Amino acid sequence: MNVIGWALAGACVAAGSGVLAAVVLPRRARPAAVGAATAAIGLSGLVAGIAALSGQVFQARLPGLLPLAGVEIALDPLGGWFVAVTGGVLVAAALYGIGYAGGGHGQSGRPVQAALPVFAVSMLLVPAAASVSTLLVLWELMAVSSLLLILAEHRARPAVADAGRWYAALTQVGFAAILLGLVVYAARAGGESFADLRAAHLSPAVRGAVFVLVLAGFGSKAGLVPLHVWLPRAHAEAPSPVSAMLSAAMVNLGVYGVIRVGFDLFGGGSRWWWLLVLTVGAVSALYGILQAAVAADLKRLLAYSTVENMGLVFLGVGAAGIFNASGAPTLAALALAAALLHVLNHAGFKALLFTAAGSVVRATGTRDLDALGGLRSRMPVTTILFAVGALGAAALPLGNGFVSEWLLLQSLVHTLPAGGVVIAVAMPLAVAVVALTAGLAVAAFVKALGVGFFARPRSDATEAARESPPAMLVAMGVLAAACVGLALAPAALAPVLSRAVGAATHTPATVVDGGVSLRLAGIASTMSPLVIAVAVVVAVGGCALLVRLVAGRVTRRRAVALWDCGVGPPTARMQYTATSFAEPLQRVFDDVLAPETDVDITPHAESAYLVARVAYQARVPDRVEHALYAPVITAARRLGRLGPVLANGSVHRYLAYGFFGMCALLLVLAVTR
Amino acid sequence: MNASALVAAAVQVGVVAVGAPLLVGLMRQVRSRLEGRAGAGVTQPWRDLRKLLRRQPATPTGAGWAFRLAPLLLIGTSLVLAAVTPLLTTASPLDPAADLFAVVGLLALGTVILALAALDTGTAFGGMGASREITILALVEPTILVAVFALSARVGSTNLAAIVTATLHDPLRVASPASLLAAAALAIVVVAETGRLPVDNPATHLELTMIHEAMVLEYAGTDLALVEWASAMRLTVLLGLLASLFLPWGIAGASLAGLPVALAVFGAKVAVLAAGLGAAEVFIAKLRLFRVPELLAGSFVLALLAVASSFFLA
Amino acid sequence: MTDLSYALFLDLAAGLFLLAAIGVLWRHQLASMIRLFALQGAALAAIVAILGIHEHSLELILVAVGLGALRAAVLPYLAWRALGDSPAEARETRPVVNVAASLLAAAALTLLAYAVTRPLVAMLGTSPASTILPAALAVALIGFFTLVTRRRALSQVVGFLLLDNGITATAFLAAAGVPLIVELGVSFDLLLIVLVLQVLTTRLRTTFGSSDLDELRELHD
């Protein structure tokens, strides 16, 4: 047993002790102990992942652990990448959770606390599963424990229960799809370990069907449109440390599943699969960021931004598959590397953003951007940390999201016309989608930072906000440092990234390398975030110095009143809100978003002509949900109404069902045999 | 990286910094002459800057560090842009550090900084300007990147020096439909990004129509000087970039010998472009804000056609 | 004319041909739509003329002159006459699909035309004339799109004429020209159609006070 084995075993032990602590310890000590255990799980995941990425291989078979099939565990660099990302997120989110639970926030009930280590360890082990049954068991364990965590605050808000229902329904549908796909695959392959699946030869039709099923299943976990509807609810309603884990770690496993099945097990597959992945990814990216850009709820905005980023990752994976199927392995490796790097970058900034949003919610009691504002003087550290995350999420230079989007764009832009019609049409459109997504992401995060944290408070609760305790700030600081590191020195990850890509495509090669600046295989473009950052810092410093020299005696600032057009000081209510900030975009994308407005005029009781009150309400509903799920729900409800008719309480009737059923069966047997 | 390249890059930054206000002055002068006014002269923006630099900056109540830092960050990113783009020389030591995507990103970063500063003041004007500016930024992005696609696909690199050098080696490329369409698309982008007519009127202070001016309404003194200067530099760099991508002749390589010629040619190209822009502004009216997406959709179609034609005709 | 400059001029003319069609979608003013249509007629004539000069065919050059006269002068003039002088009528105020979306649709149609003509181009060999075939087909598609999404009778006429320009260009590029007699017949038909539509537009306006074709629905009731 090597380092990986010990680390994974350590994670299991830590999970066990965490569950034990949750059950045994008194309520007050519970969050700290469980948090420490979860952090330990994350730490062992980090160790295991880094060991796997550095080239160690681990394989184990534990036949007694699961009846019939047994458990098979293996960790290659591809799995290691995801285990390491998950581990890192878990460490930070668990530390943050310890601080978050102090002061009566968060839920310290037994079931919720016991679910946390279970969720953490199952999430960590999913990429290490090496057989269908192991994967499915861990996947279901992760789904159920995450459901418990999402429901943690169900007593406080009715919306939580709703979110839980959506999540439960969609995650089970997704699980059923994965189950069906993988079981068919395993049945045809004649074995259920991944090695058997790799060696299997299936007909193209079966392969295609299996891939589509698996894509639907994993896509529902990653929040791809149209299976995303649970995500903005669940990620917004869960306690913030859990939101961070869901949004930064759990959704990644959807990507992992598709890469594992499509690239590793099926070894590439046909082009139409990946065109489907690319299209779904592009639609998710655009739809997600459009919803984020018009959202006025901070955590909902972040959740939709997760849909967007997962869309971009799937766009990269799809492009990689298309290149692979069109005989351009270098570009395929580059696109896959971009997707994997974006998974990591997204995990970094999204965990940071969700934890920072959690601090805001904890300090102000609201997630509504229209009621926030002025936090930069009340929560200065949180504001700066949120700004670091927002810079990454907006994919601007000096942020970490920029690096992976740059890689993605490089792989898309350098396609050659020789690749055929599909590539020639799909890639320019993909570039346009990535670009529009990046532009709208800027809008969404300028809104989140500028309206949520800058300017003046828009409500009393915000006025009274206080900075978070040090434990939370430290956890966020770790995440922010990781984001800055990823933004400035992405080349440091080049060797492990190449190894992870090599494990997926079975062709080890150097995809990205370079020291200070990034260099790509087969493309002459270079970029160095570090040099750009240094240049900006030098230029800013130089200008500051110059200004001091030229205008030395007048640099003392004068405090003045805001320009108010002469009508008296503008109040905080006169500020632009998140809704008004997003209004032009909402108008431009009117046809896509289909916003709803209600004007409610209440006349005076005495006269219908005198208006007492005008209520105006505007909301942007999730259009996919309305168009796609509302009919399904109505149909299900109609079906449900059949229940009382069939089961009216009469015992004789129930017995008669059984009797007639049995007779019918016997009749069928008698006729057919 | 050698000494002469370093000198050339430094000269380039200096030229942009000194020349940018003159360029703005030239545009205003062209405009006023065409409108039958005498005009204030080409050096007026410099006189304004000198005056403003000596005035005390003001911080309105309620504004915070974002408001105070923004002018410095804005001018910092503008200077880096001036150093990166091949305006006078293709041998800038910063060229390998920032390709065309990074240049686009840095431009967006400058806009974002200013928008955040505007939101930080907490006035309705600031929010309005920021909201509109960011909307336009978001809609411009696809055009730029698709145009970059058209320009860089055949070169095999998005680094600016590589694109410019490739055009120098193959002059007929400029007259190809792909290049012409991309040029047209990017010209619209430049107009939108720098807030010129018909997207934004740089001379207006009418509440309902202003975009850029609404964001800088609260700035005064040194701060305002820096913001104005940075805006002028961004305009210069963008016009210069347009000239370098589509009319790259005259740009010097690594040696210093070509620098004087490059300087003269650069000045001429940018002056002609600026004068053309200034003259065009006399004849067009500002578009309504919600007609701007139509213009940008048009530019996007041009960019996409540029890519398509580089594939059709390959 | 060298091969290189032949290809270049042909590409530029085709680019202009396509851009004029996109411009028709871009503009609201009916007058500028007609101007763009005239420009497109000139571009079409230029394409045919370039082909003629390259192939040293006097017949093609004559056809180009005829095409230019008809499509860059006569038809725009007739459309101009139908324009009328009421300012409310001079604009395509509320197209079925808004302008930004129309432009994006035009981009999509162009890519579609490119994808569809790919095998045809491969069959014809990569001569400069066949590589611009997608542009011609794209114009036809955009013309059809204009016909579907614009409300004014006159903009529909322009859309129809775009469609025909596209088909004509496709014919010249793919088959190196159609017999002169067919071309003459088609041109005569066109002239007739435009005249009929001009009369229809005028009647429509006098009857309904507007040339919005949706008004015709009233005849159904």
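Letters are used for the chains, namely A, B and C, taken in the order the chains are written, and counting of residues starts over at 1 for each.
Quick note on the criterion: contacts are C-beta pairs under 8 Å (C-beta built on N, C-alpha and C of every residue); 3 or more make two chains touch, one makes a residue touch a chain.
Keep in mind that what you see is a predicted model, and the values were worked out from it rather than measured.
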item	value
Far-end chain from subunit C, centres as C-alpha averages	A
A-B or B-C - the one linked by more C-beta pairs in contact	A-B
Subunit A and subunit C: spacing of chain centres that average the CA atoms, whole Å	48
Whole-Å gap separating subunit A and subunit B, where each centre is the average of the chain's CA atoms	36
Subunit B residues counted as touching two or more neighbouring chains	293, 300, 304, 308, 311
Residue numbers of subunit A (touch at least two other chains)	424, 428, 588
Residue list for subunit C, restricted to those that touch at least two other chains	100-101, 111, 114
Subunit A residues touching subunit C - in the complex, by the definition given at the top	421, 424-425, 428-429, 588, 591
Partner subunit A, residues of subunit C touching it in the complex	98, 100-101, 111, 114-115, 118
Subunit C residues touching subunit B - in the complex, by the definition given at the top	4, 8, 11-12, 14-15, 18-19, 22, 26, 99-101, 103-104, 106-107, 110-111, 114, 131-132, 134-135
Subunit A contact footprint on subunit B (complex, rising order)	53-62, 64-66, 68, 72-73, 75-77, 79-80, 83, 94, 96-99, 101-102, 105-106, 108-109, 112, 115-116, 119-128, 130-132, 134-135, 137-142, 144-146, 148-149, 152-153, 155-159, 162, 217-218, 220-222, 226, 289-290, 293, 300, 304, 307-308, 310-311, 314
Subunit C-facing residues of subunit B, complex	172, 175-177, 180-181, 293-294, 296-298, 300-302, 304-305, 308-309, 311-313
